[in-house]
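What follows is a group of structures, each given as structure tokens.
You will see chain A twice below: alongside chain B first, and alongside chain C after that.
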Partner chain A sequence: MAVDITDQNFINGLIEQERRAQRPRGRWLVVPILVLTIAYLTPFYYLFVTIFKTSAEYAQKGVLELPASLAPFADNVVQAWTIAHLGQAGLNSLSYAVIGGAIAVAFAAAAAFGMTRLNLIGANGWFMLIFTGTLFPFQMYLVPLLFGYQRLGLINSWLGMLLVYVAICIPFPLLVLRNSFSGITREVDEAARIEGASEWRVFISMIVPNAKGPLIALFLLQFTFIWNDLLFSSILANGIEVRSIMVALQSLQGTYSTIGPNVVITATLISSIPTVLLFVVLRKYFMAGLQLGNK
Partner chain B sequence: MITTASASLSPEVLKDARRRERRVAWRQTRVAWLFIAPAVFMVSAFLLMPVVFNIILSFTKWQKFTGLDKFAGFANYARLFNVPYFSEALSNTAIWVVGAMVLPLAFGLGLALLLRNMPLQETFKSLFFLPKVLAPTAVGAIWYYVYAPHGVLNSAVAGLTGQPFDVGWLYSAQTVTPSVIFTFVWQTVGITMVLLLLGLAAIPRDPIEAARVDGASGWQIFRHIIWPLLLPTVLVVTILNVAAGFTTFDLLWVMAGDYPGKRTLSLAVYMYYESFSNGAWAYGSAVAVVLGAMVIAVTAALAVLQSRVEKNIR
Partner chain C sequence: MATVTLRNIIKIYGEFVAIKGVDIDIEDGTFVVLVGPSGCGKSTLLRMIAGLETISHGELKIGGTLVNDLPSRDRGIAMVFQSYALYPHMSVADNLGFGLKISGVSKSEIERRRGDAATMLGLDPYMDRRPSQLSGGQRQRVAIGRAMVRQPEVFLFDEPLSNLDAKLRNQTRIEIKRLQRQLGATVVFVTHDQVEAMTLADKIVVLQDGLVAQVGSPLEVFERPKNQFVAGFMGAPSMNFIDAVVGPNNTIEAGGISLPVPADRFDLPAPGTSVTLGVRPEDIVPEGHGTRPELGADFTAPVNFAEMLGNESLLFADLGGTEMVARMQQPRPIEPDQKIGFRIDGRRVHVFDKNSQMSLLR
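Here is the complex of A and B:
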């Protein structure tokens, strides 16, 4: 079709068309989005007004009313901290999550290296064996673990808790790392081998630095999982010296608890700080972690 | 490779080379064993052996106090079908699975389509993703007070309508499951949306633009272009959410701790209650086996479907 580009009408038509395409369609959608967002955020709002109330204030005022002053927060923290022994529980969970998550990702990385970079006979079979560990719901592990732990004296112990977390956190990282390791070109390690590097050296100084992104993302996912776990720790370790932060939080909230909602909600906030902080600081890696599972 | 040069080599030299190659392969395999050993050991000892033991246990009469392992055949499984608790827990689990499959997807998809071309997309994404970072135990504790008799929800409704409003959301059989599912949706919709946005971002713009120029309606574009291309992502999300629907425990245990019939809230809760509150270990194991069989069957079916859809697209 011949077009006269000097024709002003034609140009005006194009401009009008373009403007119509640029105009945001469905401006009315803003209203339902705002309503939904407000409803969605209400629990957070409730959290932030509640942590500043005293128990008496909470009982008298409406739950959504603003607090009289910010001062009661300190007392709420002290109460939550002392009644639930949050310091000890937080330290326990931090050690489970940091050490357990790191060991699990390291074991998974080593296994992924053995399966993809070395001529392991029967590599697929070994992979399937470990991958099986992602198929079963956690409910199938609980009774045998409790029984085994009682026999082995691992019940209510720091080491016992750590071992479970390490085992649970191996299969998924292995699945991911097997993919990302096989994406690294073979020449990288062949070159190092010709130079006389040991397999260990190849793993540590060639492969691991090449997969830093997925390794960090996977560690974050496992850290969050361990920190947030209630199921395993409530069964295998509920003694005060070894229990996890979520067990401590749940002990505050329980049915027969006489502790005010203001203290429980404050404990909720405290126990969420590490994961929220990590999320805010390392959001990029969290979002990358989401994509890992898709591949 | 050896074969290309083999014409000029004697059989002895060839055999020698092969033997050397095999020796190298074996040496690497032995080194590889060291690399995979920790993972294989941990997973076998702490995950796979327990599963095997769980299945064996479900055929015994084992209890916390009476102790040992008398073989009971299918007695535990027979009991499942004679106890009303089990069938109630089963039907609540079905509600959970359907709710977890449909609701986060529907809301997440709506949000993803809305936010796709919006300013501040990153802010909204982080905001909606935040609940997923919180522990279910923490979320459950907050929502316990949201649903409480004088809690947030009742107060908000009373404030908006001017009428006194007092529903015990977590205390009646009609409302407890939908209430906890709603909290689950609150927590899950963000991650569902983010995953769907990633899927949407991968869809090429050209066919959509072309269809729009040809006068296709928004619904037609969605139905015939976006949905088929998004289907693999939808199925991945569905697999994750269905598995969560089957096994959600923390939220229920924390939020519905006061509910008198809490053991029937889902199979995951029923298993925990029978095993650890009642000490009926063998019976609890049988519940776990039934739950495991259902989860594996459903996720396997979805995974097959997913790989087929993906193949069709390529």
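Here is the complex of A and C:
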């Protein structure tokens, strides 16, 4: 006998059955998820109660206790800003991160173009050579870099810092861009060449626009890395005029520091604003960065 | 428009000789199709004309000028790729205008040429779209339009229809042919599809293993294939081949039958010599279907298998141990193993030398 689809009860039964099949499973996961969420959010909670306390209040009350009023925040900001020279440090870091990140990604893109499109002799060798840059821990470079910089007079200089960051930020983007450039059909640049495009034109008008997502994502990643770097800047550039924002932050803490944790935490919050903002504004590209290599 | 001349063209990849000395003359305004199975070198040859592959040896002239060492952009060519190779980040309008723009053509001239091409190809409604928003057929037309606006001396097509579905392929095929006539363009078109080659070409170049097997008009190549390879490649289903021996008085003996052939058709060797007999499926006529060939030989065989295509059926039947395909016009249902009488048309068969595989046609 044929199925009777006019029978509403029968259809309702099927609807219910389908719905049950689609219901999310594993409701027992709620408890561990809740625990993890609390563990994850506690530091944020700590941050938000601390920035509203005065130094005296911080010393008296428990660390997780609520502040008496919101007013001390303004004073904390002023203190953090003036004592650590956050303005200067922020500008320094911004210039390192924007210029250094951009130059590094541009160099990596040029190299990736050469490796995927120009039939370079030993293209793979060049790639391996550059990519070894990511194999060793940064700490390994520090000592030779320090002595080298002292000799060259690059220590404590803006240019010196920029150079380090550009160099460090090339290998990873190269790895990614080499992949994503090879993913662009060769026929596209062949078509452009037949139409009269020079190699430079192919690079600028065909390859770069078609790899816009990865290029921006990589720039953001390198920006964040440079902004957050403490290792190189603390060793190579301590002077107030050239130090990065993380070094400035570090200067607030120390054995002889009399500055309360409430100010330090406020400074931390300030220094994390740019990367957070950038992420919020450009999260589309960050997400694209997660699937780097594919368009 | 211009002529294209290839002389002794050789291409070497590493140690592999891909093109083994090819001569082709392409007259002004003709539609030439390079056809052959995959790996025969047809795409390589086209890419050499385009300047996308270097030429290892030989001379390539476009419009009488030696262009071996000229970069693609100075050869006066335009190419339509198999994947269309549209610029994915540009609108249709920019795709059409890119080449003109970078070669410094004035804005008004770009506008005019682009407009002409768009109207001719029916692209006007899509000018602001990105390639990803177009259907396969529309992309194809943009690719052709992009080639047209450059007003090249020679159009190169690299299997441009292979990504289209069957119906669209037939339509586009006709459109391309019509366009070529309208523009009076010189076209070099690469395909592995012999139907495309037959329908489009003024002149077919059949390639085999990096060599030209035959050059000729579609009918010539089909009716008078120079060797067994060309005979087997052109025509679908393929020509049947069966081992045969030359018999007395202009006959060919194969599979237990003696087939009379016209005395003036072949230069037959002495009776008793082994040869290969080639018969196209349409020249094996099932009894009661189509015209009964005057000159021919009959055989009866059970049908192993029948492919019903609607307008015709393909019957697979044994002739002395070799399976032959016969074409049945106005088909009727066939039972498996049903015995059917066939008659081979002696006027239309082909005979090939056993060793050289060359045709013995006079």
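In this text, the second predicted complex is superposed on the first by the 259 of 295 C-alpha atoms of A that agree within 3 Å, B and C clash if a C-alpha of one lies under 4 Å from a C-alpha of the other, contacts with A are read in each partner's own complex, and residues count from 1 in each chain.
The rule is short, and it goes like this: a residue touches a chain if its C-beta (ideal position, glycine included) is under 8 Å from a C-beta of that chain, and two chains touch if they have at least 3 such contacts.
All values derive from a computational prediction rather than experimental measurement.
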In the overlaid three-chain picture, which partner chain does A:139 touch, first (chain B) or second (chain C), both, or neither? first
Given the touch rule stated above, what does A:187 touch, chain B (first), chain C (second), both, or neither? second
Quick check on the superposed pair: does A:125 touch chain B, chain C, both, or neither? Answer first, second, both or neither. neither
Applying the document's definition of touch, where does A:209 land relative to chain B and chain C: first, second, both, or neither? second
In the superposed arrangement, does A:195 touch chain B (first), chain C (second), both or neither? second
For A:171, using the defined touch cut-off, is the partner it touches chain B, chain C, both, or neither? Pick first, second, both or neither. first
Counting residues of chain A touched by each partner, does chain B or chain C come out ahead? B
Which residues would you name on chain A as touching chain B in one complex and chain C in the other? none
Which stretch or stretches of chain A touch chain C in the complex? 185, 187-188, 190-197, 201, 205-206, 209-210, 212
Taking the complex as given, what residues does chain B use to touch chain A? 24-26, 28-29, 31-36, 38-40, 42-51, 53-54, 57, 114, 117, 126-130, 133-138, 140-146, 148, 150-152, 155-156, 159, 186, 191, 194-195, 198, 233, 236, 240, 243, 246-247, 249-250, 253-254, 257-258, 267-268, 271-272, 275-276, 281, 284-285, 287-289, 291-292, 295-296, 299
In their shared complex, chain B is touched by residues of chain A numbered 24, 29, 33, 37, 40-43, 46-47, 50, 62-64, 107-108, 110-111, 113-115, 118-121, 123, 126, 129-130, 132-133, 135-148, 163-164, 166-168, 170-171, 174, 199, 203, 224, 227-228, 230-231, 235, 246, 249-250, 253-255, 261, 264-265, 267-268, 271-272, 275-276, 279, 283, 286-287, 290-291, 293-294
Using the touch rule from the top, collect the residues of chain C that touch chain A in their complex. 50-52, 71-73, 77-79, 81-83, 85-89, 98-99, 102-103, 146, 150
